[in-house]
Amino acid sequence: MMQLTAEDRRVWLLIGGISLLALLFIPFSQLFLNVTYDYTLRTVALGGALLGVVSGVLGSFAILRQESLLGDALSHAALPGVAMAFLLAGRQLPWLLMGAAAASWLGVYFIHAVTRSTRLKQDATMGIVLAAWFAAGLVLLTYIQSRSDASQAGLKTFIFGQAAAISRQDVQLIALVGGVAFLILGLLWKEFKLVTFDPEFAGANGFRVYLLQMLLSTLIVAAIVMGLQLAGVILMVGMLIAPGIAARQWTNQLGQMVILAAIFGAFAGGTGAILSAVDKDLPTGPMIIVVSFVLVLLSIALAPGRGLVWKWVRLRRDRQQFAAQTVLRELFHYAYDHGSLMTPVPEKFILGVGGPAAALGLRRLREQGLVQPEGAKWQLTPEGIKAASHTVQNVLLWDIYRQFGDELGLPLVAEDRQQDIRHLLSAEAVARLEEKLAGRLG
Amino acid sequence: MFQLEQWFIQFLLYFVSPEAVNSFLRDPRHTAIIIGTLIAVSGALLGSFLLLRGMALTSDAISHTVLLGIVVAFLVLLAVQGQAPDLSSPWLILGAAAAGVATVILTEALHRSGLVKQDAALGLAFPLLFALAVILIARKVENVHLDVDAVMMGEIGLAWANSNSHCLENCESVSITPDDPRAQINRQCTNCRTLGISPRDEGAQFADICTNCGVYSPGQAWQAGLIATQPVLLFWPKSITVLALITLLTIGFVGLFYKELKLSTFDPALAAALGFRPALLNYALMVVVSLVVVGAFDAVGSILVIAFFIIPPAAAYLLTDRLSWMLLLSAVIGAVGVYFGYDLARGRFLWLEMGGLLAGLNRLFGLGLSEQWNSSISASMVLMIFFLFLVAWVFSPRYGLVSTLVRRAAQRRHFADQVVMGHIYHHQGQVAEHEELIILTLHHHFRWSPRKMARVLARLRSSYLVRFEKGLVLLTPQGEARVHRFRQTQLGRNGQSMAQNLP
Amino acid sequence: MPDNEHSPHDDMDKKALVIDDLTVAYDSKPAIWDVDLELPEGVLMAIVGPNGAGKSTLIKAALKLIPRSAGTVRFYGLPYEKARSFVGYVPQRGSVDWDFPTTVIDVVMMGLYGRLGWFRRPGRRERELGMYALEQVELADFAGRQISQLSGGQQQRTFLARALVQDARVYFMDEPFAAVDAVTERAIVAILRELRARGKTVVVVHHDLQTVAEYFDWVTLLNVEIVASGPVATTFTPDNLRQTYGGRVSFLQDGAAALATGD
């Protein structure tokens, strides 16, 4: 077993934490929410969670193939299949699902065929399939309707989803289909990863790229068809991609992303279903979407490293550090020019040179104990002198590196003067730089 | 709105009689086709730009999120006015347009965080806004008439039923006051209801109440027998006026900003550099798209409306390379689809009756299908437009499947000829001639089947481009000339034009 | 490195690559036309030519990534299907999404997927091979990094490492020098020479005419057709270059002449 990096540990911790939270949610929700866990709600919540897992996992691949909106097109494209199955076999769920899958799959095929053979882009062909297939479904439905009383309710269910109607058997079916999909995914994991990341290289290595891509699309179709009952046509795309997008923010590894997407999906599906039971007017599908979106927003804001809050904090810290370093060097040069490094420097001079940023830097330096006030002047402390000469030398070394790095045969590092070059290069390389610097100064 | 209609009708009546207009519009077919055509034209004009900007699915997103705009505007008006607003209120349309812009802003904000790809951002934004709308409707609008089904589905066939009546002649509106001789006065108990007593009881108070007082429009007055001569009325479907206005707005927008739209579609950076504010133009485009979507709700519903935005421009894009032609063609394709789509809904596919087909299916498979074909008109229109797309895809002279196949086959033959002649040209007269040009083994060099090679050689020989000599195949002088020419035209040009791209 | 067990033992045919009459046509025009090419073992060959000359097409057609209209390609006498295990490929860097959630070492191990075959997962051995390849391209410290955090040059070196783990006998590289920093360029050149020293054959699509003579010992000048192909000293001549790039390459004449004589 390889050792875990800090990031891996963080992700696994997160996965555990969220799973725990999801488990605790049920008892807690009974304390805070007015929910009774009757048979129906248990079934719906379980169904929602399972669907969240299936669509979260498969949706991750849709996102990475940059086919996020495929989910939208294919969920609409299922309608004629449902109608056709109804026309031929009556209201039997397995047939309806098979019909839906067949129609969606045909949609995938059509999208591929038109995109490959014309200059139309994929977004246009997806839009065509979405609208045309849906229209075909409507035509069939209205035709059925003119014959019998059957379909108006069915259409509404199809468009908006009908969580309350989810039965035990449906949940079993979802579990079964999800299980088969995961089995395939597990067996062909490395192949799917490769064709998603670099189809050309996969082709050059003898993998059947088109076959694998169609298989993956078929699995995505299965997830969509399962989800239609709960989320409905329009919201299905959100259910498919939101967990994956949230998961992507927390990790840089496909495996972790998929597991996290499964957990996010389960959380959104389960809690969305439970929250919608608080009030009879709250529809389930939309609640799931809202919960998913909250997860996405939290992830975008908070994910370590990538998240917006972290970026902002880092930016602020960098800016402060930069100001502090600048002021430190100013102080050093001023004092140096005045004969003694202990020479107090008038505050007016510092602010005059550095502007408002200098005040910020000065405050930070004082917090670090590198400067001390001396009336209206500032004086470097002994640690301050040490730090200042360090940073001044760093800048000089950077200059040397930039000028003579190639000549000295030093490895290339991105120029970032706020970093200590002595940490970026090997000791031997630094020695060479310092030697050069001494030569230049002397 | 009403006033506009009147002006237009007066203009119309210079040319036709009111009876003709009435009987024309009374036919649901005509109304449906007019409305469908208006949607098709504005959808095609805007959709062409969306398609070329790679934003085809933005119309899909907007068509869903405008629901949120309508609901929010509805609730605000409800709170302000204290009563449910009319669904055709301009405030609701404004709300819808705002929601359309909000969708684009939310999508761009998500995208600009750098953490979410463009398509994923769209796929996140519109389900969220739609979900919020559905939740709001479920929570707040329970007892108020805001029919989600109507927004989602729409039915173009019913558009004629919702008409304004315009009076043209004998337009006597009658106002009856209590002192009018025609007023019907009844003596009624005024406090019986509140006190819960009968008129005969003591304490009952009476007053004279006029039961037919009020203002009568000419039509109502005629029905109530208040006027002697029948007024001439003209019924005008409301949707036509709304959609005509929106279509005019669309045409005006595209006409006015044609140059800017074109430039910012093909080169946004240049457009920005020239000071055309492509971002602003983009938002304006989204507003117009939202307006068309809202206007089309009644007729085709929010899902099908995107067909009018995407499919006709996609078909036109396969037929032409010029933007102006693309706009025109896509409008025509949309309109033609609408025209034949109505017939499809009523059981006729182009000139083919579908009853017979269904009967045949029944007889063959015993399905017991209804032979009376009657289905959603708007969906049928979309199917017809899709059919036209398929026709364009298969038969387009330049980009169609058939012409591509034919061209490829011809090219393959041409290339095969050229490859073989080029090969001979290379080796003819060289030392390896006796190895490379043996007729019976020539196919090995190309990895072709012997049959294919035989076919190619036969073809070349019959047009006197090669000759056979001692088991070898050699070029004739004509053949050599052909190779030279090919090199100059096909290969040479490539090199020349590419020379400009030197580093 | 251990010897590749898949390699055929036909010492008869020491030609690493033989292309015969290869033609590829996209829609209306031939992309490459009647290409004949023979490459001995252990040379570094650059394919140069103007934009649209079919350089990438030639590589892709050789690897059967796009259909050929005619012609054969043989690697040590074998067709591609049988030679796959000892043919390595470095695609253009821009052909993938670098925001994909995967780490450097993962990408490198992808080079071994083909050898693993269906269903089998990479394990410890594959990881060790991957790390070894990363050390060769000086990226060992970056093994656990997410690929979007790499600079362009580091991405290119990651792709190179992925090809190295394949331990192929013939390599195809599509513009490895495009938009990379000086260090990466140096690293790639060092690896190319190392490969040559080990008897590998490398075909590189190259853009920079100035460095052809310095980096490579064999060159193919391509503009739809092959203009010339052979050792750099005899092939990389002003005449051939003019023929390849059309008439207006006056500034090239001096440079190429200087390079051709200076080497």
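Per-chain numbering from 1; labels A, B and C assigned in written order.
Simple rule for what comes next: a residue touches a chain if its C-beta (ideal position, glycine included) is under 8 Å from a C-beta of that chain, and two chains touch if they have at least 3 such contacts.
Computed from a predicted structure; not experimentally measured.
In terms of which chains touch, the assembly is arranged so that all chains touch all other chains.
In this view the innermost chain, defined by its CA centroid being closest to the centroid of all protein CA atoms, is A.
Annotation: A-B is the more contact-rich of the chain pairs A-C and A-B, by number of C-beta pairs in contact. The distance from the centre of chain B to the centre of chain C, each centre being the mean of the chain's C-alpha atoms, comes to 48 Å. Averaging C-alpha coordinates per chain places the centre of chain A 34 Å away from that of chain B.
Counting only residues that touch two or more partner chains, chain B has 117, 404. Counting only residues that touch two or more partner chains, chain A has 66, 248. Not a single residue position of chain C touches two or more of the other chains. Those residues of chain B whose C-beta lies close enough to touch chain C in the complex are 117, 404, 407-408, 411-412, 415-416, 419, 422-423, 426, 445-448, 490-491, 494-496, 498-499, 501-503. Within the complex formed with chain B, the residues of chain C that make contact are 20-21, 23, 25, 27-30, 33-34, 36, 50-53, 69-72, 99, 207-209, 223-225, 244-249, 252.
Considering their complex, residues 2, 5, 7, 64, 66, 187-191, 193-194, 196-198, 200-207, 248, 251-254, 256-257, 406, 411-412, 414 of chain A touch chain C.
For chain C in complex with chain A, the residues that touch the partner chain are 63-65, 81, 84, 87, 89, 91, 95-97, 100-103, 106-107, 110, 113-114, 116, 118-122, 127, 138, 144, 146, 151, 153, 162, 181-184.
For chain A in complex with chain B, the touching residues are 63, 66-69, 71-72, 76, 87-88, 114, 117-121, 123-128, 130-132, 134-143, 146-147, 155-156, 159-160, 233-235, 237-242, 245, 248-249, 279, 281-283, 285-287, 289-290, 293, 296, 300, 306-308.
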